[in-house]
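Multiple structures follow.
Two complexes, one shared chain (chain A), two partners (chain B, chain C).
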Partner chain A sequence: MAEGERQRTIPRIGVDEWVATVEERVERGLAGRAREAWGRVPAGVKLASLVVVPALVPLLTQDDYLLQVAIDTVVFMLLAVGLNVAVGFAGLLDLGYVAFFGFGAYTYAMFASDHTGLHFQAPLVLLIVAVTGTALGFLVGLPSWRLVGDYLAIVTLFFLQIFSTILVNGDRLQLPFLEKEIAKLDGGLTRGPNGISNLDPMNWLGWKLTSLTQYFYLALIAFALALVALHSLNNSRIGRAWRALREEPLAAELMGMPVNWLKLLAFATGSVIAALTGTIFAAEQGAVFPSSVDVTVLITLYAMVILGGAGDLAGVAIGAIVISVALEALRTPSNASWVFYIALALTLPALVRPWRWQLVALLVGATVGFGFAVRAIVEAAWPAGTGGRPLGEASIDDWVSSWVLLQRNATPEVPTALGKTAFVALIVAVLGLTVLKGRRRLVALVPTLYLAACVWENVLVPQSAVTRYIILGALLVGMMAARPQGLLGKTRVEIV
Partner chain B sequence: MTPVLELRGVTKSFGGLRVLDHVDLTVAEGEIVSLIGPNGAGKTTVFNVITGVYRPDEGDILLDGRSIVGLPPHQITRLGVARTFQTLRLFLNMTVKENVMAAAYGHTKAGLWRSILRTPGQRREEREIERLAEEKLAFFGQRLVGYRFDQPAYSLSYANRRRLEIARAMAAKPRILLLDEPAAGMNPVETQEITQLIGKLRQEAGYTILVIEHDMHVVEGISDRVVALDHGVKIAEGSFEEVATDPRVIEAYLGVQAEAARK
Partner chain C sequence: MDWERFFSLTVDGATRGSVYALIALGFSMVYGILKLLNFAHGDVFMVGGFIGWGVIGALGGATSPVVPAWAVIVLMVVAAMVGCSLLGVTLERFAYRPLRQAPRIAPLISALGASFFLQNSVLLLFGADFKQYETIDLAGGALYLQGIDWGAFHISLVRIVVIAVAIAMMVALSGLVYRTQLGKAMRATAYDREAAAMMGIDVDRVIMAAFFVGSALAGAAGVLVGLFTGSVNHFMGFNFGLKAFTAAVVGGIGSIPGAMLGGLVIGFAEAYAAYIDPSLRWRDLLVFSLLVLVMIFRPSGLLGRPEIQKV
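Let's look at the complex of A and B:
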């Protein structure tokens, strides 16, 4: 046939089959191999493992604290996969997301507590939340018709701000047609900063959920449903259209996709997940507070989505687990020390490129040696700088106390001059690291790591519940520098 | 017989600049019409008013005798107009196959709930979309098939990206294809190939085609009719020879292209 003939007569110039031989860059090292193995796992197994493994937690422990952490983690997983719809799938920067979580929680408080005297059953409240949450999601999504990127972000952020202002000042709020009813309520509509407590336990047609284990499984079932629904959606024509509008909205519209409608759909889908999660969370806590609807929660959720890899469902859920557990571990000083030093140790392999274990060993040795040398010098020049006792409670704090600088008579409440100076020096050193490259960066890494350890032992460790976001932020910065697309995300190309 | 596409006195201004000035244009069923003119003549604006990106200030645009002015772009696409872009606008981080599958949105139906529940109908539709995409990609021989299906669009060469844009437009099941400079940035071999391909698009796939092109060899090779624009005004229309020898066209191209056209 002429076709075959033509193929043969076309010179190979301009034919680009070589791309096939290059393929994607192969990742190296342990992490690379782990990710490669994870990539070969079928999607169904991945998602199932995200439900089955957490499901074992109540079988292993009945400790109330651990169960509470597990519930919080599943709640974060739900919120993160919900946020991922607008942010990861459709590429819409939605900063109002957390408001929907609060909306679901407060709606439960309105319909199932002594506050209003209404004691609706759980399925009915969930239905109300789903319907009103969808409507509100459409409404908040409307600005996305005309705004993109940072413009959309700032508008939705204002929505969150308005919502939390209403919650805090809700004790003085009046609604049209409901003046009399609201006047009767103790503490106004939302009871302001005090929040609403004594919510009903969830009542499923007479069966009341009271134990933490029950709420854990309820949240996990909700997560499983959300995961399956979003996975199917992501692989459908709607999921493809979301990706298309994320990549190139004009082309998506001109290829027959109703871009405005798809944006609203993305907003509403995420909003419903957040609102229903809020309802479950409120019932489990038995109380709602305006403080659970703030920018800190929003940033934490974004950290989860970005750490896991925006757009990748399993990745986002894993990001939620990692950050939720890390934040909890950082709350107590003894755990926090371990997290801190392990993270510090992990920084090394992440920054050593190309990966060579000899180099890492050399760096570790250099850091240890550097520490002892500095300590010896300081001890000779200024004995008070090394005479302190460790403030941390973990065994690792005892080990490093003979290596780092510790000012004498330090107290947990007031940071020492040494601590403050080291803190400023650390910030300068980290900033310096970002501009240095190659061998200089590796050399600069040694004092930076030592400074970090000094700052930790002198300033941060006694206040770890307060400073945990600093540690988390530092972890994220390091991690994103090494892998901008997140743990499981795919590298995205902006312009080629 | 009603033309597939008809522009009647279409005028479009941006501020004080009149980009299109009472442009009339018809494209009959099965015809290949080329739109030529120097840079800034308003060619791409013609595409933009047809596809609904801009609304014309005056005049009417008819698709199969029905006015499409004021409809949103995605509805115009559903009615049977699909285009490619002069500055490529692929979904770069989606795979080659997904790029084409995405364009089937307009003529497929599965909604939110059917997609979540993966009903048998939805799954059948998905298989059809996939088959359609593979069929459209196979139109370009071996270039976009096989291992290419699952590669991200950004890994493609420039020429292959242009081909993928055409495949994507085809997947929208249009009656009329609008190709915006399909040969731009291609080497001579590829240019020759694209010339043959446009002919094949009409012969085998039965599309009516309106094409913007600067390469006069391509225009000569494919066109049933050529329309020349300059400063938003239609200055000539007819066969390639007629238009290429029209003094006003030669003047518009400031002689450089006119030399080439005389050969």
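Let's look at the complex of A and C:
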């Protein structure tokens, strides 16, 4: 530690700063070793296993709920790798991405449902979606032609707003030349907030997809195709140009790269993937709603891309799996407790620096002891603060309830006073933790961990619907500050 | 022409416009100095509205406050300004400062996350229902019943208060930016951050000041919106934030008079949209289309200088 400190403070003449600080970037500990091993796996193997391993799911279970979760996860994986084109490959902030998902879904509803009376076959609809989706992608990107930098993000965000306004108010919408046809439809063009239901099952030249397993494999095939296409695109001339654009747009332009075309291409590629995914999703669900075109979905996708490592296809797909499954697990209180302790077990070694297992054990021991001490004091002073019961039924909950402070709560819909106070205190504690260094940080970690456990049990488990999004927001901020390259991404070389 | 309707729409436009201008100023100042789209700014504004609601509740509610009505309003605005400026500085310190040297997309994503975090934290702590200001009960309804009457035309007191507070804030901000040492440092930093640092300006302090002042204005705007619409909720930050951002871009992002002008333009556009679309369902769409048009034909905004990229 002291050696490293000295190296950092004394500039060594004649040594490039980046080379001189290579020691600092070598990652140690369990996480570092795991990441190193992951880095040695060839990209083809990683991507192939991302298709092959999920393909086994329907062989292991035929449970409808689990299959539904699996389909949702594959849909999220598709959406995440699509978003990764603009965000990860080309370094553009695309905030209108979800609109294309909705566009694909609603297009399917228009061409294959009783709503309009059209019953096109799936290949035809997919073709229509692909062509119109590309056109729309270019159209949305077009205003950016004259704009530099972040304006593109804003234009796409407005596009999302405009698109969702059209979906919600589409029951009153009139299109030129189609007045009579639209007037005939029940509930106008989009049926407004009610959405369109009773869509046809996908019809592949007479073969109708009806079971969840079939849709799962359809989505997985689409995912495999997307992976192959994106992987080869990323390793082509265009992929290299995107990386140049991402690292330094001005330099890329000076090298003669058609910067505007590259931006539009990145947008359109992502848009097509999102639109086609939307089509599959709509057919599988049998209904479309304007609520699926939502900033919430957008943030979820961003969290997936960032967690896995923007720009790394396998990382992004794994990020999508982790977040999709975790969000689903948080729905049921007895799973929610587990999610917290598993996440803690995975992140704790990363928080302890320098990494020694004795330190981790000490930390866990201290936290458990601290918890029992605090609980004993509170029990004596304020019995209501420990009288609560956790919502879950799992074995861990019995143990947890004898350790954390848990206020008795007659109405689980409303957080308790203890929970609210602890939540605010936790935010302050975590912010404070980022300022501390070395031994002080380790000591401060003990009460913070205990506080986090209390907040989790008091507020976050009962209010899981809101909690999911609070965690996603915190994840984005935290990842950006701590590991912008994501858990599995490689550190980028920054030469300033 | 129906002059009465025109007049009432104009007053509505001026009220909304002055609130948009207050929020837009924060966007514009931060963008001018950091070149960062602070997506969380709209949520800071929303928190301001909630602080105002907390203050009016703590003072005994609008029906029977423990202090005179004017003092209630002053206390609400001051508390929201103090609370929001602290929030803004905290955001800057923990969400943006670590990313000063990161790729451009990093702080944007961080801002997106911070916005989402704030919005859902408020939802968790206070619930999803609209928080009523009940300003109609304040001082026996004087805010709505009294005001300026001029023939058939009527401006209610609450709108006069909103516009007056907004104007006072903007005058104070102009004084700060164009008359003080700190303002000079801000303008210098916005012009060229590196050169300003070499001239001995503490750039970190200037950035912090920009967040402090911008968030204070947004907090005041939150209370003002609560006053004239009667309620606040956890998702109002998104819509108002978006419109205010539009205002900042239309006026010329980075320009302070531009943000004020842009706010008024958006406010009036929104009010007069009632002529084209009485149902108001497509009003947002009109505003955003206006923005896209401005961005295509005059990307630097009405009062902004065209940006010259330097290598």
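The working rule: the second predicted complex is superposed on the first by the 438 of 496 C-alpha atoms of A that agree within 3 Å, B and C clash if a C-alpha of one lies under 4 Å from a C-alpha of the other, contacts with A are read in each partner's own complex, and residues count from 1 in each chain.
We adopt the following convention: a contact is a pair of C-beta atoms (placed from the backbone, for glycine too) under 8 Å apart; a residue touches a chain by one contact, two chains touch by 3 or more.
Since the model is a prediction, treat every value here as computed from it, not as a measurement.
Q: State whether A:Gln463 touches chain B only (first), chain C only (second), both chains, or neither.
A: It touches chain C, and chain B stays clear.
Q: Have a look at where A:Arg331 lands relative to chain B and chain C in the superposition and call it first, second, both or neither.
A: It touches nothing on chain B or chain C.
Q: Please work out whether A:Arg35 is in contact with chain B alone, chain C alone, both, or neither, and reply first, second, both or neither.
A: In the superposition, A:Arg35 contacts neither chain B nor chain C.
Q: Could you let me know whether more residues of chain A are touched by chain B or by chain C?
A: C
Q: According to the stated criteria, A:Leu265 is in contact with first (chain B), second (chain C), both, or neither; which is it?
A: In the superposition, A:Leu265 touches chain B alone.
Q: After lining up the shared chain so the two structures overlap, which partner does A:Ile238 touch, if you call chain B first and chain C second: first, second, both or neither?
A: Only chain B is touched by A:Ile238; chain C is not.
Q: Of the two partner chains, chain B (first) and chain C (second), which one does A:Leu250 touch, if any: first, second, both, or neither?
A: both
Q: Per the definitions at the top, what is the overlap between the chain A residues touching chain B and those touching chain C?
A: 247, 250, 254, 492, 496
Q: In the complex, go through chain A and note every residue touching chain B.
A: Chain A residues touching chain B: 3, 7, 10-11, 13-14, 16, 19-20, 229, 232-233, 236-241, 243-244, 247-248, 250-259, 265, 269, 490, 492-493, 496.
Q: Can you tell me which positions in chain B touch chain A when the two form their complex?
A: The contact residues of chain B facing chain A are 51, 53, 72-74, 77-78, 82-83, 85, 89-94, 98, 101-108, 110-112, 115-118, 122, 125-126, 129, 141-142, 147, 151-152, 154-157, 159-160, 168-169, 172, 187, 189-190, 193.
Q: Spell out the residues on chain A that touch chain C in their complex, using ranges where they run on.
A: 87, 91-93, 95, 143, 146-151, 153-155, 157-158, 161-162, 165-166, 169, 172, 246-247, 250, 254, 295, 299, 302-303, 306, 414-415, 420, 423-424, 427, 431, 434, 459, 463, 466-467, 469-470, 472-477, 480-481, 484, 492, 494, 496
Q: Enumerate the contact residues on chain C facing chain A in the complex.
A: Contacts found on chain C: 35, 37, 90, 94-95, 98-99, 101-110, 112-121, 123-125, 127, 238, 242, 245, 249, 279, 281-282, 284-285, 288-289, 291-292, 295-296, 299, 307, 309, 311.
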